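Chain nomenclature is as follows: A, B, C and D, assigned in order of appearance, with residue numbering initiated at 1 for each chain independently.
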Amino acid sequence: MRPAKMIRQVLQSVFKKPATINYPAQKSGMAKGFRGKLKFYPERCIGCKMCMRDCPAGAINIKEIGEKKFSMEIDLGKCIYCAQCVDSCVKKALEYTDEFELAQLDRNKLKIVFDTKEK
Amino acid sequence: MPIEQDIQNKLVVSFSSLDGKINIPRPRRIFLEVENNIFTQVLEYSMRTLSFSILCTITGLDEGERFGVIYHLANTEGIVLSIKITIPRENPQLNTIIAYFANAQIYERELMDLFGIKVQGLPAGNRYPLSDDWPKDVFPLRKDWKPAPKNK
Amino acid sequence: MLALFFILVFPGFIFLSLLGLAGQFVDRKIYARLQNRMGPPWYQPFADFIKLLGKEDIVPAEANPRMFKLMPLFSLTAVVTAFLYIPLWDIKSLLSFNGDVIVVLYLLTIPTITFFIGGWYSTSLYARLGSVRALTQLCAYEIPLFIGILSSALLANTWSLSEIALFYNSHPWYWTFNFIGFGVSLIALLGKLEKVPFDTPEAETEIVAGSFTEYSGRLFAFFRLTMDIEMIVGASLITAVFLPFGLTLHPYISLVLFLVKIFGVIALISLARSLFARLRIDQMMRFCLKYVTPIALVQLLINIFLKGFLYR
Amino acid sequence: MAEEKDFKIPIGPQHPALKEPEGFSVALKGEKILGVEIRLGYNHRGIEKACEDRTYIQDLYLIERVCGICSHSHSTCFVQAVEEIAKLEVSKRAQYIRTIIAELERIHSHFLWLGVAGHEIGFDTLLMYTWRDREIVMDLLAKLTGNRVNYSINTIGGVRRDITDSQKKEILEAVDKLEERTKYYIEIATQEVSIIKRLKGVGVLSKDDALRLGAVGPTARASGISRDTRKDDPYAAYSEVSFNVATDTNCDVFGRTVVRLKELMEAYKIIRQLVGIVPAGAIVIRAPRKIPVGEAISRYEAPRGEDVHYVKANGTEKPERVKIRAPTLANIQAVKRMLEDRFLADMPIVIAAIDPCFSCTDRAILLEEKNSSKKNIMTWQSLRSYSIDWYRKRGIDFSKLSEKIKG
């Protein structure tokens, strides 16, 4: 039953580097396999809409913009980054990157359209 | 699955009407259909003699023109006995089992709020889980109730 | 005119509030570093103060507006005047008469009374509970604080802070006898400043913010400033009474030495703050009256024997 | 119990002591608590109703978000029930990976609880240190599953990611570091005077009260009931691992702290055994989209206690009924008993001691009732216009702001 049991640990940490960092100034990267923003390969998509059916949040939709060419519009506000669409896609047209700083002031900027033009 | 067989035999011996109604899909799971009139004896029997002393939860089911209510009991060896009774849809009535399981109160309140099953014998207390200003006789978990369409 | 300068600018309000905010920064930075955290930038307390000044201050409907608004000002003035009696850079403090130790101690009690009245008049449940707790705590830590400080004054055979400083400067190393008194007063100061082991009146996980629950905007800013200045005044009272060395050097050097001593005491306070869990109000009373007060009495006995021995 | 005239203080839905909204109205005489009325349901999101109009795959992610801390518990419990109905033979390797993630989640949940308990009794240093060490297991989980909290590693028929050998080494290193830190915290919790004073004899729940009120998990085990679903009703890979159930006979908050710390030590033992003998093999098998008719009940030992899921399938690709009974719902009835004639100051720590996760308990309905008989249920738009004219009356016009958001 000793009072002030943590005194040794507490005094040691005064000389150790603090465990926290100033986030916007310094950034600590995220793990390699982190599920972040999606990436779409329009040339591989065949428009089967399996991803739209399996998406729990209804955040993704595929539009036909030409013969055999599809664009994908994803609403990052609704997306829950579960990457189920990446698994459901038979043609591997979707991939997730590890980019997670996606905050926006205006809700419309969250809706991103991937199509052949944007490379 | 010797223990489950032995429980099944004991049940069938003491309640002959249960003969065809017990089904054991996998180890440590027993499902049971019971008529309402002998429900309390079955419950008391399984609690006292078969030592199913733990009430895991009570599940409500909306089966078209009837409501199903499943009482999930468990014992210390991990076997779950699910006793199911069915009650008619117009003014569904149930009496409380607080005498046997003190913790059944909150599960029964949930039945009252979400299914509209009146449970007699419940002491006064806050309703759970819906808020106080929830419109009367609207029961969300019934199949005929649809939530307002999400704004697409 | 000079008196106005003393009251308003130098050891008075402006200097003291800057010192108070600097003290708060030192406290928060050391507390953070003890917890292996980065801690706030140096301008954080100033930014908080200015932000709070800009906020809208809401007075609850049933509260008594006059009392509600006056309490922060009362507590601020009480604490600032207490600072004038403490010898800062040389033996003679600005105002000193025989008995100003008692005046300073009583001026330091006024803030707790204003917390009580402010909390009680804001008619919120949490504030009421917090203010009642503040008073019950008052009786627990006042006794050891008074005994600790007065025992050192007893050794110096005067009730005036300046003469205490004079006595301990003319008899070097006498102040080491008061070491127990120093410990006891530090613990009691933790209670007065409502720091963690004894911060039940303002326990945010039980009663939101204690007596400050209904305060916002300028009024809350003044209350927090009072808490900071009270920390500085409490620390300076303890240094003046228990560590009175180094006052006869050049005024600037002794002022710097005085500031170093104050920040040393504040560092001790944040160390204590980071080591203990918050005691319940009944445990705190039992601890203070059962353990801290007897030790204070032991210190008093030692000083009485010493006094008899020194002045034979 | 508590008549009207008593001094009633609401530890209301929004309160710094409570991490989630739930209502306690406490009748007080001075500092003593006379009686407590508990009002739940503020966080009810209607997940059970929502499950009924989503496919099984979508349900997986919905059920995972029942609670932020024990997301893996709910998703594993649900997936096991569905696999039982569809009679899918999940590969051994997938079960091992599920159990490893389950124990890692137990570690991160108990560390989180230790910090919150420290904060509730005013010991913020413990909060800071425990949450710093918790980062080790959070980063590990982010590496293994791709996300710090909602791992979604489960899918119907197995798991979605495999564990490579380098990841196995990382797990073992992290477990060694965590074990050394846990030993330090056991020392702290059992010897620091002010902690013991605040935890001993607080929130007492005798053994037969715990049995009668149906307490589960660490709350029950601290009162001497050695009941652990991993031992009684083993699922996933728990039958192949040897561990013992951590119990304590203190029956109070101190006992619950000791039980949770012992459970942490057990978790490290389990993970070391699992990582050592992970069998090779496929990690997922093809699952049919339409689950055949059937019903199943599955139990899981979540960090807070026994979690029960009942799933009924009707042959389509959407479940007919999903019933979730979270551990906190079972423990909440014991809180009333624990709080009788305690001090108000003990209230937060007693509530925190059962580690309540009210988002599990309530599963509320998100509803915009436009044509309801009650006129005061405002929709989001009417609430916003009401506040805009309220400010316009006071000379501040926010209407342009709302155009920008709507536009």
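Here is the rule we use: contacts are C-beta pairs under 8 Å (C-beta built on N, C-alpha and C of every residue); 3 or more make two chains touch, one makes a residue touch a chain.
Keep in mind that this is a model prediction, so the values were computed, not measured.
Looking at contacts between chains, the pair that accounts for the most C-beta pairs is B-D. Spacing of subunit C relative to subunit D, judged by their CA centroids, is 43 angstrom. Taking the mean of the C-alpha atoms as each chain's centre, subunit B and subunit D sit 24 Å apart.
With each centre defined as the average position of its C-alpha atoms, the distance from subunit A to subunit C rounds to 51 Å. Counting only residues that touch two or more partner chains, subunit C has 34-37, 274-276.
The set of subunit D residues touching two or more other chains comprises 125-126, 129, 132, 192, 194. For subunit A, residues that reach two or more other chains under the stated contact definition are 3-4, 6, 10, 19. Because contacts link the chains in a way that matches no line, ring, star or complete pattern, their graph is best described as other. Across the whole structure, chains are in contact as follows: A-C, A-D, B-D, C-D.
Interface of subunit D with subunit B (complex): residues 37-42, 44, 46, 48-49, 84, 211-214, 227, 229, 231-234, 294-297, 299, 306, 308, 310, 312, 321, 323, 325, 329-330, 332-333, 361-370, 372-374, 376-377. Every residue of subunit D that touches subunit A in the complex is listed here, in rising order: 54-55, 57-58, 60-62, 65, 125-126, 129, 132, 135, 139, 142-143, 146-147, 150, 152, 155, 160-161, 184, 187-188, 191-194, 196, 404-405. Of all residues in subunit D, only 9-10, 15-17, 31, 118-126, 128-129, 132, 192, 194-195, 197-198, 343-348 touch subunit C in the complex they form. For subunit B in complex with subunit D, the residues that touch the partner chain are 25-26, 28-29, 31, 53-57, 59-62, 70, 72, 74, 76-80, 82, 101-103, 105-107, 114, 125-131, 133, 135-136, 140-141, 147-148, 151. Chain contact summary for the complex, subunit C toward subunit D: residues 34-37, 125-126, 129, 196-197, 199-200, 203-208, 274-283.
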